[in-house]
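Read through the structures below before going on.
The following pair of complexes shares a single chain, chain A, combined with chain B in the former and chain C in the latter.
And now, the complex of A and B:
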């Protein structure tokens, strides 16, 4: 392990040299985080939270921070990853750098001054006092590594009672590199009281070079505010993707989040929500499409701190080939969180004898006046349903495809943003087409 | 059209059909009656091609072709339709989408042009009127949350839409109230034509009051124990099935 740490320390030194324009508070923050990472080291399967996520391949890889200038890309190059620009604002980040040419911010978002880069507002007090406050790095190696190495970040702040009607699509793209490179992205979203916005966080690769994407996203949903959040992760199967998201929801705030985990070789998604104020609501859903040798994890935590809060959680997974997946869903209801209403479900479809899924729904309840339920099912495609469809003239592959679509569509349908739904249906059908090739091949 | 000879079928290792013979010609409506466990549903499922039902010996010929060689979808495409005793609910799969996919699979096989969404809606709404189904069924998932009667009407809707040549109706009357029974029977009568054959499998004779069966067979312990005309149904209604068992035992 010490070799690995030393490698990152050297990387850190080299990076700091190349960034000598940084202000002192940033330098201190980075150094502090780097020290912390050196102390912690990478998590291992001996740690409870990482028991089922083996990252030894990731730690062996010689990732370095990207120094080469990002490729000059045109709209055509990235068209396959765009959501209909008539319906969304698009923020494009290529290899960690914001691309003004490829981005198009809709008037309603630019007028509100909602979207900023960290580098533009390095001395902003709000930024300094809040970034890192939700997801502290002291106990988390990947969060520490993120702060130490982060290139830039997206800062979205929606002022009080402002409504941004068009979703903001943040597209993180990685291109080809000669070396194994790493990117540490950071997103910070603040919805002030009574405001509303929709954010689509999207990760994709333009080719298959090996890289590490390590993301930290922090979100604050203020009083009576409403945030819809969609995360799409479809990076190439040579990418390791580690993400930590922390959302704090204040009283009567509403947070709806949907995660689509399709890409990467190793993908781990930690999603933590704190229902911090009375009457806050969280609706969390997710879809995992795991194939070949992929390892895809969702680790969710919904922490009911305040009374009268509601949470709904539904994660589904489709697992094929030799893929491995984990669903760890924890709901905590604290002593003061009376009148909590919570429901958690995990459903998995296993399409191959070699695919493995570990599903661990957990409830920790310390209050006495609550209504909570959880459940988990894992099974194969319903043979009776397949026979029913075949008896109506549909071939086996079509029948399977219909059932898989039916299973997955419940999650996509729940997104309810027309242009995004269209993108997700296409993502699913491409995945299915790929899977058919695997079955037939 | 359908020629079954000395058919022996096992389900999970147990012999259910024990030498069944049946011959059905175009234009005919056959009723197959029998108690629970006599092998009625096995007969329907083995014709449709469910792989849980294993043919041990004997044969099923359809238009002279050996059915055991054909997949369930090929049987369907060549004109065989089974109305399920327990239609399967398929969550997440929209009923319209399913019906359209099924119809277009048939049309493609027949060398006809596939129907587009607009034409299909006009077509299916017309068929739905015949079985008194409201348009809301088109927006729901296949059979999900349907009552027993709604599921059976959805089966008859598929019968009318897919226009098979041989229809096997497996206890389509069970669990229906009298109004639903009449609607289903009406749908089947609507379907009847000289070039089509129908096999109605039932426990009770009451659905036969609303249809005109040409032949009635009684299935007993995996064999056809008796064949007769409509009067046989009345006799069974009066005397039950036990006299046939005694008759069979005496043989």
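And now, the complex of A and C:
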């Protein structure tokens, strides 16, 4: 372990040297986080939160921070990852660098001054006091590592009572590299009182270079504000993807989030929501499409701190080949959170003999006047349903495809943003086509 | 009863010269645990050498282990060196001489539970006549069991009389190195029960520790082993609805069940040890490892438990479903009141084809009680068509208590079907109002609702136990509504 930490320490020194100028204002913060990381070390399977996800392969890889200039890309190169530009503002980050040519920010968003880069407000006290305020790095090795190495980040602030009608699509792209590189992205979203916005966080790779993506996203949803959040992760199967998202919802705020975990070799998604004000609502859904040797892990936490809050959670997973997925969903209802209403469901489909599913839905309840429930199911496609379809002339694969589509569409449908839905349906049908080739082959 | 330190010191020193001499009268070992204590304990019980070695191996492994911290319970650390690991069965002269000397509160509880006077004496540890009813009943039962070839004896007796069976099965379900408390138990277990049901025998009666004459002083490290041979059937009852008089704070028991082809074991527990006073002082720590192995085809193990006592309960009766078509069941009611904490649940490990398991867990929290369900369902690769159904419901009474659910589900076979459901709710004010309006007191209403809530589990209990369990819940919940 100490070898690994030393390697990261050396990387840190080298990075501080090479990026001397542009990160001067955050030197102390980064150094503190690095010290913290050295002390914590990477999590092991002996820790409860990482019991089912073994990252020892990840820690062995010799990741270094990216130094080379990103490739010049055109719209054509990235077209496959774009959501209809007529309907969304697009922010494109290539290998951790903002690309002005590829991005197109819609008028309503630019007028409100909503989207900024960390580097643009680097000397601003606002940044210093907010970044890391929701997701502290002291106890989390990956968050600490993120602060120490973070590249430029996206800072979205929607002013009071402002409504941004078009979704903001943030596309993080990884291009090819000679070495195994790592990227530490960071997003910070603040919705002030009564405002509304839609954010799409999107991670993809242009080719199969091995890399590590380590993201930290912090979100504040103010009083009566409404945030829709979609996360799509479709990186290549040689990428390790670790993400930590922390959202704080103030009173009567509404947070809707949908996670689509499709890509990466090892994918870990920590999604934590704090319902901090009376009457806050959270609706969380997720879809995992796991194939080949993938290991995908969703860890969610909904923390009911205030009374009269509602939360809904539905995660589904489809597993083929030797893939493995973990769902660990925890709902905490604090002592004062009376009149909480909470529902959590996890459903898994196993399509091959070697796939493994771990499902740990958890409830921790300290208040009495609550209504909470959770459920979890794991199984295969209903034989009777397949038989029914086949008796009407459909072949096995088509019948299976129909049923799988129906299973997955429930999550995609819940997104309810036309252009994004179209993108997600395409993603699903591509995945299914790929899977079918595997089954036939 | 005072420990004779000098004697023990000389005793331990002797070991190196001549081996152990056990003819010195010694009632209780001085507190502390080391290899010599384990040896001395084993020698005291005249155990064969392999068992001594087995204990020592467990002890050595225990030294390397750490006490688990993952359960959702909080307690002051236990000083393992402050416990005396052997105490000879107490003579009845030490106990209270008549019921007048027994704690009045305890007696009141007995009366509420409707326990006959003679039984009250036995439970409270009052010296009783040799001709006391249940003793003679027990003797009759023994001859009946003998006729069928059923072995039902204390563990120590079994070690002497049936060493080959003990050696064959001991530690095969819960290895001596399994976990911190199981290892401790393996090193220093005092006594317990041994049950052996021969091939094809349906045990003619429900076996209960209650009827085993020397059951009263099995000590704090109890070890139970039940073996059901091919095609046999047994129902075993452990514990008692009445609060037990007990001075030991730490209880670390181990229960092992082995069911061979077509065999069925039904294990029912009612646990009502001292839960501590209203402020959470005192009370028993109950850290138990219970596991059953369905080794044979079509075998079945069923656990039913009603947990109302102990300050802290840490207990996961589990089933290893090895044989094809084997079946595991877990029915549990856990109640925590005042400052009680319970972290309990089950593990169902599906290995064989067509294995089925059912989990029904009901948790009731009142006062400052914290109740956690922690369960694991693991469906391994070879477990074709495995089926699991889990249901965990929690009922909260009062706003200072907590109910938690931590299921772990691990599926490695696509033909498996598993379902888990959990819900948490409170008793509705409307329900209470409705009953009040019809002249039912709030306390009766609560007990009625709680009993209804637990019905599914009570139904699994043997008749007389079920009746007592209902009353027990009433008593345990007393004062939980203001």
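Definition applied: the second predicted complex is superposed on the first by the 437 of 441 C-alpha atoms of A that agree within 3 Å, B and C clash if a C-alpha of one lies under 4 Å from a C-alpha of the other, contacts with A are read in each partner's own complex, and residues count from 1 in each chain.
Here is the rule we use: a contact is a pair of C-beta atoms (placed from the backbone, for glycine too) under 8 Å apart; a residue touches a chain by one contact, two chains touch by 3 or more.
Not measured: the values here are computed from a predicted model.
Asks: Assess the superposed three-chain arrangement around chain A: do chain B and chain C clash, or do they fit?
Replies: fit
Asks: Does the superposition put A:364 against chain B (first), chain C (second), both, or neither?
Replies: A:364: touches chain C, not chain B.
Asks: Which holds for A:338: it touches chain B only (first), chain C only (second), both, or neither?
Replies: second
Asks: Quick one: classify A:121 as touching chain B (first), chain C (second), both or neither.
Replies: neither
Asks: Let me test your reading of the model: by the given contact rule, A:373 touches which partner, first (chain B), second (chain C), both or neither?
Replies: Once the two structures are laid over each other on A, A:373 reaches chain C alone.
Asks: State whether chain B or chain C is in contact with more residues of chain A in the superposed arrangement.
Replies: The partner making contact with more of chain A's residues is C.
Asks: Which partner chains sit in contact with A:352 here, chain B, chain C, both or neither? Use first/second/both/neither.
Replies: second
Asks: Now for A:48: first (chain B), second (chain C), both, or neither, which partner does it touch?
Replies: A:48: touches chain C, not chain B.
Asks: For the combined overlay, can you note the least CA distance between chain B and chain C, rounded to whole Å?
Replies: After superposing on chain A, chain B and chain C come no closer than 14 Å at C-alpha.
Asks: Of all the chain A residues, which ones make contact with chain B and with chain C?
Replies: The answer is that chain A has no such residue.
Asks: Taking the touch rule as given, give the residues of chain A at its contact with chain B in the complex, in rising order.
Replies: 382, 384-385, 387-396, 398, 402-403, 405-410
Asks: Could you list, by residue number, the parts of chain C that touch chain A in their complex?
Replies: Against chain A, the touching part of chain C is residues 70, 72, 381, 394, 396-426.
Asks: Which chain B residues qualify as touching chain A in the complex?
Replies: The contact residues of chain B facing chain A are 48-51, 71-73, 75-77, 81-82, 84, 87-88, 90-93, 97-98, 101-102, 105-106, 109, 141, 158, 162.
Asks: Over in the complex, which chain A residues touch chain C? Could you list them?
Replies: 48, 52, 335, 338, 348, 350-380
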